[in-house]
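Please find the structures below.
First subunit A sits with subunit B, and in the next complex the same chain sits with subunit C.
Coming up: the complex of A and B.
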């Protein structure tokens, strides 16, 4: 079989599109994963942070003498002698005075904020010594509710004069009074925690005279840049290894203050140091996600034409604004979701509160947009008495409308929204479900059924490039070097598939290398569901470049013109067109080539891609106890062309579970003094196998024109669709009781209370 | 203060544990003293199952067990599941089902599934959905959404009963 060279896309004989099993798994199932905690580090010191137990207060003195006298203690630092400047605010967006000190200086702003750090020979010694550090903290009133934060009476940063980190206002708010139907609702998009099963962990030391670090991060190079910038050293002065990481979900996308301090301490002490956070530190001292208060206003005709939508957001950034303060901007870009709405208006304000900082969590701003618009559409459908599926259908842009510019100016690359809605309706037997629901309603059944629909679109990739290098080794095998960092996402398998496909070599002939900043010149963060579309395309592009070089080399060897050679991917050999016997295989080229052949990618994706889908949730609510059971999740997702359906489906599964989790169970809570109420996994109900249904899901494939694979992102979509679908389903089950909206998480207590209040 | 040296029997081998403190958990000793880091520390308070091992065939959270309390008993960790290099049935099933993502929870899950299948194989029964869910609900996984894990358990159960799964080459 012969193919045209450089032809993008997928052929019928390609390995792409097949459920290839993961090459990562053999070591992982043996317990031999290369996680940071498994790196053998002889004689490493242990780091323990002393954290604030007050949500807000001024620091008088901090006593460390007792700790210094404890056995095994090597050093104890506070802000005064740590020797690090405050961390500047992100991208210069926020008031500069909101910079975060590495160890609290003068003032603490959340429970869990580090105020001192102890370094000792063993973990137990460090923990014991940390117990003896005593801080004199004069309490200040906490700032908890977002309206509290806005009224500006209690300030986290008195020098700033207010608690606002960022604001985006509309000059001339438009007038909703002229519309036939107008519905409004206040919605809380609850604060949740990423809960990667591997907590934060980092180790650093001096290896061969170089500062070296082993990190659990979503990007080796991003980690290096963050640390070296803050330490004031050159990038090449730090070598970062990122091998296996035990889950990221956005939370490990921003290098945390503690991690920077650990590298700083290794440098300062000239010793190897390591730190593993406890689960309580993870739940209180690492970042949280979501945490938005929203107000939706939706307007249209009484026959189902949505004409205007307004979204007001208050974003809780927690104590220090970083990426979290910017989340509403992603929400703004995606505010109108899949709908073609003429007028859309978005305003938001990001405020600081005396709580754990908020950052990216799976979806980062887009699940918030979807939850808001989908609730609004449901409320509007209920108001005009129209089936929610029908209202959605009426307001979707036709497939001929793509590229489609939404009302906030975001350009969606490709979409078939009605197709996925129809597919999900059919797969779920929507008509049958509605009939069963009616039967239960008529019978006054105490197990009411709810059906929730979410049609979503999300933004992924965000354009840009990724380092990709594919080279032919002397033994005829292929080495692929990537700048991307796998985070449990199967990159090694996927990149090998793409490279093997382009070159026409067996999968086993391709080795994929990543995660050593000495060997890989550059790399981007794994986030925004960018990997397959951008890093995968760069792998394919580098492989294509290698094919070009190899064709020239083969032409020399065959004394033919390069243009006359074709690559027979089935055989893994170049031959003269029409003369298959005059050929050179990859192995022959490798052994005969005068110099190593290295293909380097220069692929740049011009913009973002927009995967979409329709999720339908079917729940049963016990009206006597308020208990919800998710009976079914039907998910039809379209992330363009799928390279490995096994892995892509795995991403959807994980996202679906996290969506169900936010909708029904998980929420980070604080008491009125700002004390965390969910500081371990007994109190924070991370979703378990008991709460998920078996998933009914499928893919449709609408390619994007923006990369040669035709792929969009699938890492976050699952959580974006399912959260809204499950919430909607529960509210739908409660509709006969006059309940039109309930906030997440829809716990039995919340549902039961609502039913009591409704007089059920 | 160090305890007297003691001996732990792990995966069929005796390991001397010198210089230990009596308060050390089995998880800590496995990872930090015996060089067996397969069992994972993800909460160290019995809430996630990542540290699951078997003691005399019974599933425990090794973070909650004092190492010294395991003296004279048989400890099996993930490193003991495939002693001769061949993947054990549960490990194969996880790979074939696509039940691994980041893999941090995986050793604990494998120990839990192995224990469940051992218990069931005593009476030769096929685990039903609820039995599996209950048996494994103490093991948190944040990546997979559990979908493929259910599938993996069913594959592993078939392998253990001697029914090959021809569809999974």
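Coming up: the complex of A and C.
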């Protein structure tokens, strides 16, 4: 690879590292975004799914005749005549019998599961007709609690004989009895919903004789592969467009059954069809995240040396195991967090329940690991009577230990954990905070202060490559083509900055193209915070390849040897070294070229990168009502070299809010019959601006050696640190009342009840 | 399917005539409650009378010591202009409702007619002893708010009748509205409380929301605290009196468990709100 971007002496005028405003926003704020719901599709039919209102039951018959007779109705299908085989389990990891029918076949397994689909001329006709579809469902006992699921008294898939989708067992569990201090606790990492502003939406039809699809997905090529595999057609027989999408948060990383069915219906009917789900369908029928029951066991000396840690997990997969069943594996890899602990072991079991399926959600498995270890460290600190900041400091690996292999075998690329902890402690005036906390405790104040610390590390990028193509157009402008899919986080700006920097052209000269599987040969999912580090590095690499081609072309024009030419990035021109007057600009090279010069990336990132940071939350808990107010969030995040600090800060802001949300507010709940209790945004308290403080945040930059940008991912980190910090802060505020742990979400009622139980 | 009729009334008489013709018609003003029910399929109807073009129902006016609030007064309108100085608790309550879009559309008459235990204006109207002006083709009648709301989403509105206005007094004394929800904005209340002080009447009046089927007045608490205040000096009641007041308010609540909160928490929280509202109205009191 070529030299480090931004290195002194290479370019003194680099745009990298500057807070460049999002180029996306001009069109978005004018309402000119290209969302699937806005794509003009002449004569498109509308799709409405009929969903189960029972959590668990056997299907007798489904009556669709009334619906078929309704005005405007074109077709109604059930599993019997849809013509699709069941969707196989993910990668063959789970019992094959846990395959998911596209429309429930014989049995329903969660409220919201599609049982029939109606296609009609208008959205309203489709909705009216769907109301008349009647399913005879014989109720079966719901399977809700994870222990109940594990007991297997009631089975979702009787042919399997149990409710276990996936598990990891430790052969020879180690004995904790010999340690000086051992603390255990049961922890629930609550089930949450992604709540993208734009719910699921998809359209498909025959365009120019080709099956074409407009999707709101985190990866155009992944979407195409999922659909074509399941429909049994060749990849090239489907063209997928992904333009603007209104948020994904991981939930749009897996192509849903409904989306596959919409493409199938377009083929089957030979018509253009579109489906837009409602918020209630989104909250009950789309995937949820987290949903883990954990047991932590932590052991060490009485002077603060953590020696052993064990994490047991029960993962709720919901009704059909997909990515959710695999989440605890990510939790396992990151179980020991930032700490250097000699012995760590992890067991987990993923079980199916009669609830909405669980999948990836911002952080996917890593926030669960962080929440568990950070609670465990706090419990251990409380047990030995040591300050939680000090216990953390004593157990962090030294910066000289990197690359650092943690006790579960994960190799952390680079880290300066003590540096970020110290920076956060200093920025928060930790000593002053503890003094104020003590003052309030002594005074018996009914506004108790809590301080929560989280030092986190997470996995991003996961290695691999991304399609990157940078070409010089005849008019001297630059076209950059990526296989990645921007999901609203400003990548069009970031990538253009990287290309402009490499070439020495103005940002305005660079156009980024993405999201058309006909034009872009391959692409990966936007997920795991990979799209700056990997897609961005491939953009830089493709631009470097273009520089090489352009240098050859300029050498021909200047009748000089290519090796004698240098690129003056300040002027955007090649010249003979030492003779700046003899030069050829990008525009001149473009106009002389017989065909566009095209640089193609061959960058591959060898492995995952590990961003880290320290978050300190300061909360005030009203001991009379149980209401928590987040007074301060001090966040020091290190995601390697930052390409655009404004956009990176935006990612942290959103992540912090989502972390506070899970800690204090949000939880998907079901009643004892398995009915969703949080199926709209009045009952599911998605966080608002009214609950978040003004953040105090900063970046440190510890480069990764794994890509030329030196960048790690920042998309998920905010939600990973803040969740644990806020939870710990609330528990800390309640410590004088003898409370050592409370599960999320820390609602006023939960806190008040705990205070009541403590006798406060 | 049978066609539905939609009448866009321009005057109260128009609306009453349309209602006389279709006594089962739904009245549509802001639609912020109604359309939720319609969209969920919980509200079925054949006829609609639309009220948002009736100028007589809009705005408010002062009649002596009374404010006459048009049924079409929006939450946004309750919170701006001179009204907040005249009926502070109503303005405070209106500002806790929904989002700006909802506050621009939702109306006082709609909130009263929906008669939900969680209706944000209802505790205020209860505390103020508001009266409701009803009209139909047969004539007009006036009911106290306590007579009007008869149960959970049930009221004394007869077929063919509409709410024309809500009358509240202008009182001499501070007013407070406090609400507990599942977040700080855009929420349905878990409990709410309005407290108004009437210095000339020498009483403190309290309305409770979301703790009983109808807006509740804790009579024992009101009687107790009125007797603990030195009305000549207006000095704050002592700590014991305040605690007793809070306990009586909590004891008067008759809440239920539901998915937003438990009865135990609601009773407790409404007591805390009572104490805080009283201390805001009488600053300097011992907590």
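Keep in mind that, in the parts below, the second predicted complex is superposed on the first by the 748 of 760 C-alpha atoms of A that agree within 3 Å, B and C clash if a C-alpha of one lies under 4 Å from a C-alpha of the other, contacts with A are read in each partner's own complex, and residues count from 1 in each chain.
Throughout what follows, a contact is a pair of C-beta atoms (placed from the backbone, for glycine too) under 8 Å apart; a residue touches a chain by one contact, two chains touch by 3 or more.
As the structure is a computational prediction, the values presented were derived from the model and not from experiment.
Using the contact criterion defined above for the overlaid structures, shared-chain residue A:38 touches subunit B, although it does not reach subunit C. Residue contacts after overlaying the shared chain place A:294 against neither subunit B nor subunit C.
When the two structures are aligned on the shared chain, A:533 is found in touch with neither subunit B nor subunit C.
In the overlay built on the shared chain, the residue A:753 is in contact with subunit C alone; subunit B does not reach it. Between subunit B and subunit C, more residues of subunit A are touched by B. In the superposition on chain A, A:646 contacts subunit B only, with no contact to subunit C.
Contacts of A:624 after superposition on the shared chain: subunit C is touched, whereas subunit B is not.
Once chain A of one complex is fitted onto chain A of the other, the partner contacts of A:723 are absent, as it touches neither subunit B nor subunit C. Touch criterion not met for A:482: it reaches neither subunit B nor subunit C. Of the two partner chains, subunit B and subunit C are each touched by A:682.
Overlap of the subunit B and subunit C interfaces on subunit A comprises residues 681-682, 688-690.
Subunit C contributes residues 41, 180, 182-188, 259-262, 264-265, 268-269, 272 to its touches with subunit A in the complex. The touching residues of subunit A, counted against subunit C in their complex, run 131, 624-627, 665, 669, 671, 677, 681-683, 685, 687-691, 747-749, 752-753. On subunit B, the positions that touch subunit A within their shared complex are 21, 23, 31, 35-45, 47-48, 50, 77-79, 81-82, 87, 91, 94-96, 98, 100-107, 110, 132-134, 136-150.
By the touch criterion stated above, subunit A contacts subunit B in their complex at residues 19, 21-22, 24-26, 28-33, 35, 37-38, 40, 124, 194-199, 244-247, 249, 276, 278-279, 487-490, 646-647, 649-650, 652-658, 680-682, 686, 688-690, 692, 694-695, 718.
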